[in-house]
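Read from first to last, the chains carry the letters A, B and C; within each, the first residue is number 1.
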Amino acid sequence: MLTSMVQALLVLALSPLFTGLIRRSKAYFQGRQGASVLQPYRDLAKLFRKDSVLSHDASWIMTITPYVCMTAVIAAALMVPFITDSSLGFVGDLIVVVYLFGTMRFFMALAGLDAGSSFGGMGSSREMTVSAIVEPTILLSIFTMALISGTTDLSGISRNLATSGLDLVRPALFLALAAFFISTLAENARVPVDNPSTHLELTMIHEAMVLEHSGKHLALMEWSSMTKLLLYAVIMANVFLPWGIATDLTAIGLATGIVAMSLKLLLFGLAIALVESSMAKLRLFRLPNLLTVSFSLSLLAVISYYIL
Amino acid sequence: MIEIALISPAVLAIICLLLGRHTRAIEAISVAGAGSLLVSGSYLAFRTFDEGAIDEGIWFMDQFSGLMMFIIVLIGFLAVVYSVPYMRQEMATGEVGKRKVSYYYGFLFLFMLTMVMVVVSDNLGMVWIAVEATTLVSAFLVGFHNKATSLEATWKYLIICSIGISLALLGTIFVYASSLPVLGEGSDLHWTSLMAVAGQLDPAFLKIGFVLVLIGYGTKAGLAPMHTWLPDAHSQSPSPVSALLSGVLLNCAMYAVLRYHILLTHSPLGGGFSSGMLLLFGMLSLGVAAAFIITQKDYKRLLAYSSIEHIGIIAIGFGFGGFWGVFGGLLHMLNHSLTKALLFFGAGNVLQKYGTKNISEVRGVGRTMPFTAALLLLGALAITGSPPFSIFISEIMVLAAGIGQGSFLPVIIYSGILVVVFAAFMGHVVRMIFGEPPPGIEKGEISRSGLLPMVALAAAIMIMGLYIPGLLGDALKELIGLFGGME
Amino acid sequence: MVNDLSLDTINALAALILLADFMLVASSRMRSLTRIFALQSLAMGGLAAVVAFETGVGHIYVVAVLSIALKAVVIPRFIDYTADKIQVNREVEPLVKIPGSLLICAAITMLAYFVTEPIMELGTAITSNCLAISFATVLIGMFMMVSRRKAITEVVGLLVVENGVFLAAVSTTYSMPMVVELGVFFDIFVGVIIMGVFAFRINRTFETVDSTVLRRLKD
C-alpha cells in the first residue's frame, strides 16, 4: 500500500522530467541546443501561478475536466508497477487502467466540445476517431501479455515474466510491444499522429482540445498528459520487458529496480525522440493506415500466441 | 522405353527452334516427327493395353496412362498436320513472320513433351511439376498472336492456373504427409508406392489433400467455378493450339485428379468422399457451361464452354462411379478430345475465311466451304451427343451409371442440361452454316490438306460410335477395377 | 529430444513470416513490396535450415540455400528490374484500402488457424504448428492478388502463395523428396520469368501494367 503511494508520487514528480528528456533529446537529434530538461517544471510552475479564464459558454464540464484527468492518472499510477512490482493490484487490473485513461479521454473530448470553439470540436472528433482504433489495440496487446503470463493484474504480469527468466518469451511479446509502442505515440499525441510541440496546425488533435484551458487548469491538463505519457512508458517497460524490476523490497532489489527503470525509460525516451525527429507527421486521412497496422499487429500477437 | 516418348519431342522442339527461318524444313520435320511420336506413343499405349503396366522407376504407365498417351500423340499429330496449312495461311496474310513460326512448332512440341510427362510420371510431385510446366509452355502458344486480347487471355491463364496449381501442390504435400507415418523416410511420393500402402494412409490428411488437389488441378481442367481462364485462353490461341488445350490438356489435368481419386478409393476413406466432390464440381461445370453456351456470341468461346461442359460430364461419370460410370468417363475423355479437335480445326478454317469470331457475322459456311461445313455440322451433332456418334455412347453410359446408382436428381439435371445444350449449340452452328454468306467472302476451302485431319477425326468418331475396338474395351474394363467400379 | 533453442528460432521465424504477410499488405510502394518479400523468403530459408539442422536431413539444407538464393535474391532483383524497365510507378494502388485489407487479412489468419487446428494435432513434425501460418500465407497471397491493381503485384502475390506452400511442406513433411523440390523451384523460377516477359508485353501493348485494363474478354 505504502509502496504504491510512494511510487505514484514518484511517477507524478518525474513525469515533467521525462517529457523534458524527450524534448531535449529531440533537440539533440535535430542539431538544436534545446531547453533544459527541467523546463517542463518551470512551465508548470508558471501556469500554476496564473488564474484560469473560462469562456462564458463553458459549463461545469470545463471546470471539472482538469481535476478528473488528474485524478484518473493518479489512480492509474497507483496500479501500475514502477520500481517494484508491488502496487495496488488488488484494487484493479489492466482493464481498469485502460478505462481510467478512457475516462480521461472522454472528459477531455467533452471539454473540447464544451467551450464551443470550432477547434475544440475538431480536436474532440479526431481524438475519438483515433481512439476508436487505438483503444482495442492497447487492450489486445496487454491481453497478449496477460495470456503469456496467465494473469490480468499488471503487477502479476511483471512478476511472472521477470521471475521466469526467458522462458515466457515468445514472438507474441514483440508483436504486442510493437503494437503498444505505436499506440503510445497515438495516445500521447506524438509524431507521426499528432505534433505535440505546436498548436498552429489545422490537423492538430490533442492541442485543439486543450486550447480553451488556461492557467491552473491548463497546468493540470499538461501535467496529467505528461504523467500519462510516463505511465505508458512505464507500462511498456514493466509489462512487456519487466526484467530488472524489484521483486522484493530489499536494498539491492530496489537499487537494481531503480537502475533498470531509469535505463529503460531513457531508452524509450530516446526511441520516441528518434521517431519524432526522423518521421514527418502523417496526413490525417493517412492515419487509419498506421493505426490499423498497429491494431493488426496486436491481433497478430494474440493469434500467434495461440498458433505458435 | 518410355524415355523415347519424352526425348523425341524435346529433340524435335530444339530442332524447330534452331532451324529458325527454314519454314519448309520445319514443317517437314514437324510432321515426320509428330508421326514418329504417334507411332512410338501408340506402341507404348497398346503395350499397356496388351500386357498391363510398365514400371521403369520414375516412369510408370498403366492402361490409364496408356489411354492418355494415345490421346496426346494422336491429337498432337493431327494438330501438327493441321498447323501446316493453318500457319501458311497466317503467314500469307502477314499475321506472323517466319521466325515466329519456328517458335510455334518448337513450343508445340515442348507442350506435348510436358503433357506426356504428366501421364508417365510415377512421382506425384513430378506430375505437379509437369502440369505447371504445361501452363508455362502453353502460355507462349496462347499469347502467340501478341494482340491485346490474346495477351489478356495469357495473363489470366498464367495467373489463375498458377494459383490453382499451387493449391494442388499444397494438396500433394498433404497426401505425402499422409504416407509418412507408414513409409517413413523411405516415402518417395511415387503413386505406385502410395497405392501399395493405400489402406494405411491417414484419412484426415488425404481428405484435405484431395480437396486441394481437386481445386488445384480442377482449375487446370476447367471445372467450374475455377474455369474463368478457359474460355479466354481457348478462344485467343491459334486453332490447332485450342484443339490441344481443349482436347488434351484438360484431360491431362483431369488425369492428375483421378490418380488421387483412385488413391482415395483404396484408402480407409473409401471412394465416397472423392466421388461426391467430383459429382458436385461436375454438375456445377455442366450448369455454368450450359448457361454460357445459350447466350454465346463468339464461336470459339462456344467451343470452349462446350469443353467445360464435357469435362463436367467426365467428372460426373467418375462421380457416379460403378462399372458404367467409370467406363463412360474414360471413354468420354477419348471421345471428347477427338470431337473437340475436329470442331476447333473447323472453327480455324471459318476464322481464317471470315476473319471474325462473332457468330452473328458468320453466315453461309455451307456455300463458301462445303467440306468444312459438312464436317463442322457432323462435329456439332457429335459433340451434342446425337447418335450414332461416339459421344452419344459415353454420355448414355454415364446416364446409366447415374440411374444404376439411384441418384435421380443429378440424373434429371444432367439429362435436362444435355437437351438444352443440344438445342442451343445446334442453333448457333446451324445459323453459321446456312444462310447467305456476307459479301466479299470468296468461295473455296482454305486448304485441302487442312481437311485431312478433320476427315480422319470424323471417321474416328463415327467408327467409335458404332463399336469400341476390343483391345481398348478390354483395357478400359481392367481400369474399372482400379477405380473400384467392379460390381 | 528437440532442442528448445531450435524450436524458439522456428517459432520466431514463423512469426516473422506472418508479420511479413501483413507488412506486404500494408505497404504502398512497389520497392518495399519486393524487399519485404525477400525478407520473408529469407526467414523461410532460415526456418528450413533450422529444420535441416534439427532433423539431420541433408537435402533440406539444399532447399534452404535454394530458397534464399532464388527467392530472397534473384527473384526480387528480377522483379525490381522488370518494374524499372517498364517504369511502373511506385505506388501499389490497392483496390481495397489498406486498413480494410489489414482487417481482412487478420480475419483470414484466424480462419486459417481454425481450419488447420484439427490437422495440426495430427502432425508429427516438430514444426507442425507452422501449418496455420502457412495457410494464412497462402490465403493472404491470394488476397493480395485479387486486391491489388498492378500486374506485377499479382506476381508478388503468387510468390507469397508459393512461400506459404513451401512453409507447409517444411512444417508437415520436412519438405518433399529432393527431385520434386528442385523441380518446384525450377518451375517457380521459370514461371516468374515468363510472367515478367508477359508483363513487359502487356505494358508495351496497353501502355500500362494496370491489370484492370485486362477486362475486354468477357461474355
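Rule of thumb we're sticking to: contacts are C-beta pairs under 8 Å (C-beta built on N, C-alpha and C of every residue); 3 or more make two chains touch, one makes a residue touch a chain.
If you're wondering where the values come from, they're calculated on a predicted model, not measured in any experiment.
Peer 1: Keeping to the contact definition above, tell me which chains border both chain A and chain C.
Peer 2: For chain A paired with chain C, there are no chains in contact with each.
Peer 1: Quick one: most central chain, C-alpha centroids?
Peer 2: It is chain C that sits nearest the middle.
Peer 1: Which two chains have the most contacts between them?
Peer 2: B-C
Peer 1: Counting in whole Å, what is the centre-to-centre distance of chain A and chain C, each centre being its mean C-alpha position?
Peer 2: So the centre of chain A lies 37 Å away from the centre of chain C.
Peer 1: At what distance in angstrom does the C-alpha mean of chain C lie from that of chain B?
Peer 2: Here chain B and chain C have centroids separated by 31 Å.
Peer 1: Using CA atom averages as chain centres, what separation in Å is found between chain A and chain B?
Peer 2: Distance between chain centres: 66 Å.
Peer 1: Which positions in chain A touch two or more other chains at once?
Peer 2: In chain A, no residue touches at least two other chains, as defined above.
Peer 1: Hey, which residues of chain A end up touching chain C in the complex?
Peer 2: 169-172, 174-175, 288-289, 291-293, 295-297, 299-300, 303-304, 306-308
Peer 1: Show me the residue ranges of chain C that touch chain A in the complex, using the header's touch definition.
Peer 2: Touching chain A: residues 8, 11-12, 14-16, 18-19, 22, 26, 28, 98-99, 102-103, 105-106, 109-110, 113, 129-130, 132-133 of chain C.
Peer 1: For chain C, which residues are in contact with chain B within the complex?
Peer 2: 57, 118-119, 122-124, 138, 142, 145, 151, 154, 158, 161-162, 164-165, 168-169, 172-173, 176-177, 179-181, 183-184, 186-187, 190-191, 194-195, 198, 201-202, 205-206, 211, 214-217, 219
Peer 1: Enumerate the contact residues on chain B facing chain C in the complex.
Peer 2: Within the complex, chain B contacts chain C at residues 58, 123, 125-126, 128-129, 132-133, 135-136, 139-140, 143, 146-149, 151-156, 158-159, 162-163, 166-167, 169-170, 172-174, 176-177, 180-181, 185, 187-189, 202, 204-205, 208, 231-232, 235-236, 292, 295-297, 301.
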